[in-house]
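Take a look at the structures listed below.
Shared between the two complexes below is subunit A, which has subunit B as its partner in the first and subunit C in the second.
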Partner chain A sequence: MSEDGISREPMLEVYLFEATQLMEQLEEISIECEKNKKIGTEAINEIFRVMHTIKSSSAMMMFNNITVLAHSLEDLFYFIRENKAVTIDFENLFDLVLSGIDFIKGEVSKIENDGEADGSSETLMLKSSSLLQNMKEANGAVIKNESIQQKEDTQFYISSYENSSKEVKQKYLARIFYEDGCEMENVRAFTVVHNLKDIVSEMYHIPEDIIESNDSVEAIRKNGFLIGFSTSLAKEKVEEELNGIIFLRELELLQVEEYPPEIKALKVKKEIVLEEPTEQEETNKEEVEHITKSGKQQSIISVNISKLDMLLDLVGEIVISEAMVTKNPDLEGLQLDNFNKASRQLRKLTNELQDIVMSIRMVPISMTFHKMNRIVRDMSKKLNKEVELEIIGEETEVDKNIIDHISDPLMHLVRNSLDHGLEEKEERIACGKPEMGKITLEAKNAGSDVFIIVRDDGRGLDRRRIYEKAKLQGLVTKPEEELTDKEIFSYILLPGFSTNESVTEYSGRGVGMDVVKKNIDSIGGTISIESVTGKGSKISIKIPLTLAIIDGLEVAVGISKYTIPITTIRESFKPKENEVIADAEGNEMIMIRGEAYPIYRLHRIFNISTKVTSSNEGIMVMVEDNTKAACLFIDSLIGEQQVVVKALPNYIKKAKGIAGCTILGDGNISLILDVSGILDR
Partner chain B sequence: MKRVLITDDAAFMRLSLKTMLERNGFEIVGEAENGAIAIEKYKLLKPDIVTLDITMPVMDGLEALKQIKAFDKSVKVVMISAMGQEKIVRESVISGALGFIIKPFNEETIVKAFNKL
Partner chain C sequence: MAKVLDETMENSEDTQKGRFLTFSVGREAYGIEIKFVTEIIGIQDITEVPELPNYVRGIINLRGKIIPVIDVRLRFKKEPKEYNDRTCIVVIDIKETSVGLIVDNVAEVINIDDSNIVPPPDIKTGFHNRYVRGIGKVGNEVKLLLDCDKLLNDDELEGLNTII
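Take a look at the complex of A and B:
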């Protein structure tokens, strides 16, 4: 859909959607076949069908360049299908198919962006026809001649009961003209002959050959289809029968005493019986068991993502409204048993609604992961490295919004692994590693987060080199020994950073990793990098699931209210004055079960005036993010609250430590704490 | 209004045909993505006219035609074919298809053909 809200004509919308889907389907099959150097009957049929569909649809939409390319590839696979024994040049064939896919994807993209599909598929078509030519020549004698079977077929019909019928027969001459552009006039003529055969005792027609040759098509278009036949049926009935012909443009029907000479000439020829329906080849039996992807999608409908966004927003508003009703200050102190019971039921239903809407937006990450197959295939060919792509946890579901933002970063990470991580074949063997490199894509759920991990078994990151480069760029603040591996490795996420001597086609310009970080930041995620020299690297991306509605703990600091996400809370307690200790620099800490935790006083961090300043008057809430834990000092706990996360309005600059805001049931605004942000101080 | 069941594995083609037919006084009572589903839906909906694309997964148009005809001889079936499928179209005619339309088609063509049914 166009971004400006003007929706496209539905036909185009469906065309683009389906074309994209089919190209993805085709790409997967192609990569698989190319990899295995094998193409089974199922695959051939699927590829053929995809090309056939694209051809037809594109023709209807008048995207000619796509149509002719698809047609050419369809012919190619038709040949392969009909000549099972042909030797296939896998590399050239799938190079061609994948290039074709790229071309079509490109054109579709142009159309989606309201541009013209003006690309030329000529080069690809030439490749395609030459490939087909080569296959035909190599396959010479094996080419099946289907029409051999049909040589015996009838060209005229003479009823077997010609002499036994006692009814009065009348000769007719009919000339049929078909509508322009209805195509396959020879088969249409065949249809007429087939339908007449039961009511005539003899029939002859010109052109004679309406089964084997397609030359008759031209003849019929020029001179019409001429039939001479004899029947006992009344003229009105005959007329009725013939007028019912589909795509009939003009009918000349005459009762005649004698056939004209050209028809008479045919009568002299021998009688042959009309062909019986042939047994269709069992090409379809294999497919009955195989339900293609398109078949599986029968119980799925596609929904415009903007509708889902609106739905989710609305559900969020309902949750807020529900709280405003059930926690309304007007109801304070009233005894409302029935009301409470009803509001609990309402709460239950709202929760269910919320769960379902959130789940609708969840999509398995498999498609995004599988897209990487193409990149691995292309790059490993170019770099002459053998690489295996392992995918784990593809069924893990993430919000659609996340999928949109994760695709590019993943591509970049995979490219990096391939380009810089994995060594050349010789080097790998010298290190005792298998010749084939391995890149693993893994997705898994952990609490309210999703982890997406990209691992390779290459040479790993060079800690020293990264430190040196960072130092050169003036990015280091501590001596190398004091920095952990993680900290040093995360330098590569800074803009402009790249330790590569040479810029390759794929990476090394130093604009990659920081863009990856930006993308991940925009969906609220974090990146952490691990590596072992000589063994490989591991990049972990942690993304919180849809932030929209979270469970929080409401706390008060002064007259302000804050929400702490429940998932970050370990425990809360009332501290004793003497438990709080300070170090030489004045940083406060508290000992809990033998461990020291730093204290963050929210009223100081956010500069709020409050009467609660001494430790034993307030509450400590122990919170954690993925690396650290600490205690937040607040005035008092209010209670558990489900809140709808609203982003901070644009006119407020990003406030460190605040993740968003929400409206409470009593109408007050509560700021939602970003625990990581606070702990980073 | 004549009731029609449309069969094609491509959503785009189904939508095209449906749009054209609905604009010209036909009621689309159902859609099927392959021959097997067409047979099921036929039994359920008993349309006046069935359109069958020829190239489809699971079960193609020709096979579906034969089975639907075996179930009900009088059903009107129109094959939707592409150029180059002459042999299969002929077989369809022999197996009882009333007629056929070649892709790509336009509204005029559809109207001309369907008004004869």
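Take a look at the complex of A and C:
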């Protein structure tokens, strides 16, 4: 996105951004409405507004299929809005709206990948119009007015305003020719129709499908654009209106008694929804509302993430150079009161700067959580399970990079819970559980970590089955009794592991959980699984708030310096020679408070030459990841420091146990240890 | 504007064409195309990174940018030599990867016409032949012209092999 995003046309960029956002917004509203089986005025207006924006911006960008779809959906909601009392078939309506959203999303992503938005929205259109038809029929009594006055053989809907008006309506016939080479005749014709809509009471035009069909351009060029309409306005007014059309070459306006046969034929075939003149006022009002609303949104700007990354890098550099200046070895031993004062001020400011840059990148997790709503909705329908999704702590803020990484794992987890975790309705009732299953998504801050918890009240994990399956696949060697629940459950995170006998559309292929683990690992997070048979399971993901800056402990081994992330350190101590014991194979361990921990000598595993080899000369640092703990043997401690994490160059193959590197205050590089990598050795 | 830019690009391409930075490693003189070279720096503190092939000496901090450094001597399986004040790091940039090459010393930038470049002999007499793209004649001396791409990408293959 960052690279090709620059080369893309700015208009298109804005369109894509806007469309994606609007679709997400719309999805959220739709799901909310469907859940409550109620659609409030505000929601209708919001949907209407979204559809309208999409329609007009897509029309501007010439994505006709999106325009047409948005238009038909807009019609639907227009009908609902205008007829407040209608009974709505919520399920069908929102099924339609959601598939419409999917369609538009699909098209938008095609455009984003520089493809052609060539999907056909026809079936959706048909569905939409038939739904509109159904709704109209079902609610016919409310709005259908017999149009005796018109004595037409077709039925079409006339608003009450029109009926009550006693004014004589004149029928007009207009033929419009555009200037040669003005291009996009069909779009221009559509504008005419759109403009006339507000002042006429009925309207028919040839060619019929202006926007949808490609032949219409040719037809308009050849035969002109023929419109038949009736209005109470005087001829001059109508003429004035029509003459305002740009690129107009020729206009024939006739006042007629009866429409010519070709238009009549249209009339029989098709009805047109009329719009009341009062609507104009309403739209005006709405537009004003819209404007004030967008005025509010103006205070937010969207910035390319790569620029933010650059800013972050730069601030990281500033923090480093600040330390280089204020801790400059040349200053040692000097009495510099003013300098110290100034440098304290500088430090304060750089810290603030750093905090602010970090906070720019923080986004609430709610977006990701709300995406799950959709998944839960779709799956619960397909699997015929009733599920309630509870969301707690959606306002928790996490670094943007991390959000991108947890969206997929979270989706897998929710799917798993729905598919494997929650039982069928009958089974739930038999177990004495409420019929409706419950999945809870929770996010919370804990220190510099964020916990994301996916909980369900399903059948829980089957310890025995997981063990047997793992044994079958040769993943375990120990007997079952020796393993804790946590250890056994963690087998499901291994690649190729799936207990589900049957592969379903959503899960069971044994990919998934290992992908989850991989994704979480890649951002330095950990997963732990808890489960009680029959009660449900709980999967907690612990992820760091940010990837960019960590608190680290600087340690020295030989001439190299390493940084151990503070979060993984339990304690550090100086061992006594006799505390270190070695088994027959030379594996060293140490007894601390009744527990034995393995010892990893850093200089040995990384093959560094150092003079400090005997246990009583160096220092032990006890580190842990989620399951294991061990002691690292190092030469000496240097100090605690906040460091900016930098990735190792791609060229260097990642060594196991090294997470990245950082530049120290003196310009030297220190390698950051990946504790779980070392413990896995 | 764009046209002017194009022209300057062309010009700089033109001025860089056929120009080589020469340096020596051991007794041989090598040349690399100047367009790959971003800068030449003196030897500096190198941070060792575990589990790398021996010729990748580690990483250095080049004004906030972290780049790996390769000892060309070790790369060509020559005897290691103490670094001195003549030792240089030639920073090259290939396909957006920056890498530093440690060489014994840097000589000069010379022009070698295409007509003066001959392909290396087919018989693989020397073990480092595969990194030599051609042999350039300058007066009565010869320079081995390195294929930077291979120098790095062959590494990757080997790097993988050592891990497996």
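Going forward, the second predicted complex is superposed on the first by the 403 of 681 C-alpha atoms of A that agree within 3 Å, B and C clash if a C-alpha of one lies under 4 Å from a C-alpha of the other, contacts with A are read in each partner's own complex, and residues count from 1 in each chain.
As a working rule, a contact is a pair of C-beta atoms (placed from the backbone, for glycine too) under 8 Å apart; a residue touches a chain by one contact, two chains touch by 3 or more.
Computed from a predicted structure; not experimentally measured.
In the superposed model, A:362 makes contact with neither subunit B nor subunit C.
Once the two complexes are laid over each other on the shared chain, residue contacts for A:515 go to neither subunit B nor subunit C. In the superposition on chain A, contact of A:436 is made with neither subunit B nor subunit C.
Touch criterion met: A:190 reaches subunit B, while subunit C stays clear of it.
Once chain A of one complex is fitted onto chain A of the other, the partner contacts of A:560 are limited to subunit C, with no touch recorded for subunit B. In the superposed model, A:53 makes contact with subunit B only, not with subunit C. Applying the stated contact rule after C-alpha superposition, one finds that A:391 touches neither subunit B nor subunit C. More residues of subunit A lie in contact with B than with the other chain of the pair subunit B and subunit C.
Residue contacts after overlaying the shared chain place A:179 against subunit B, while subunit C stays out of touching range. According to the touch criterion, subunit A has no shared surface contacted by subunit B in one complex and subunit C in the other.
Per the touch definition, subunit B reaches subunit A in the complex via residues 9-13, 15-16, 19, 33-34, 36-37, 55-60, 62-63, 81-84, 86-87, 89-91, 93-95, 98-100, 102-105, 109, 112-113, 116-117. For subunit A in complex with subunit C, the residues that touch the partner chain are 313, 317, 320, 560-561, 605-608, 646, 648-653, 655-658, 661, 663, 667-671. Remark: subunit C residues 45, 47-52, 56, 59-61, 64, 66-68, 97-99, 152, 155-156, 159-160, 163 touch subunit A in the complex.
Subunit A makes touch with subunit B in their complex at residues 10-11, 14-15, 17-18, 45-46, 48-49, 52-53, 55-57, 59-60, 78, 146, 179, 181-184, 186-187, 190-191, 194, 211, 214, 244-248, 275, 277-278, 280, 284, 287-288, 290-292, 294-295, 298.
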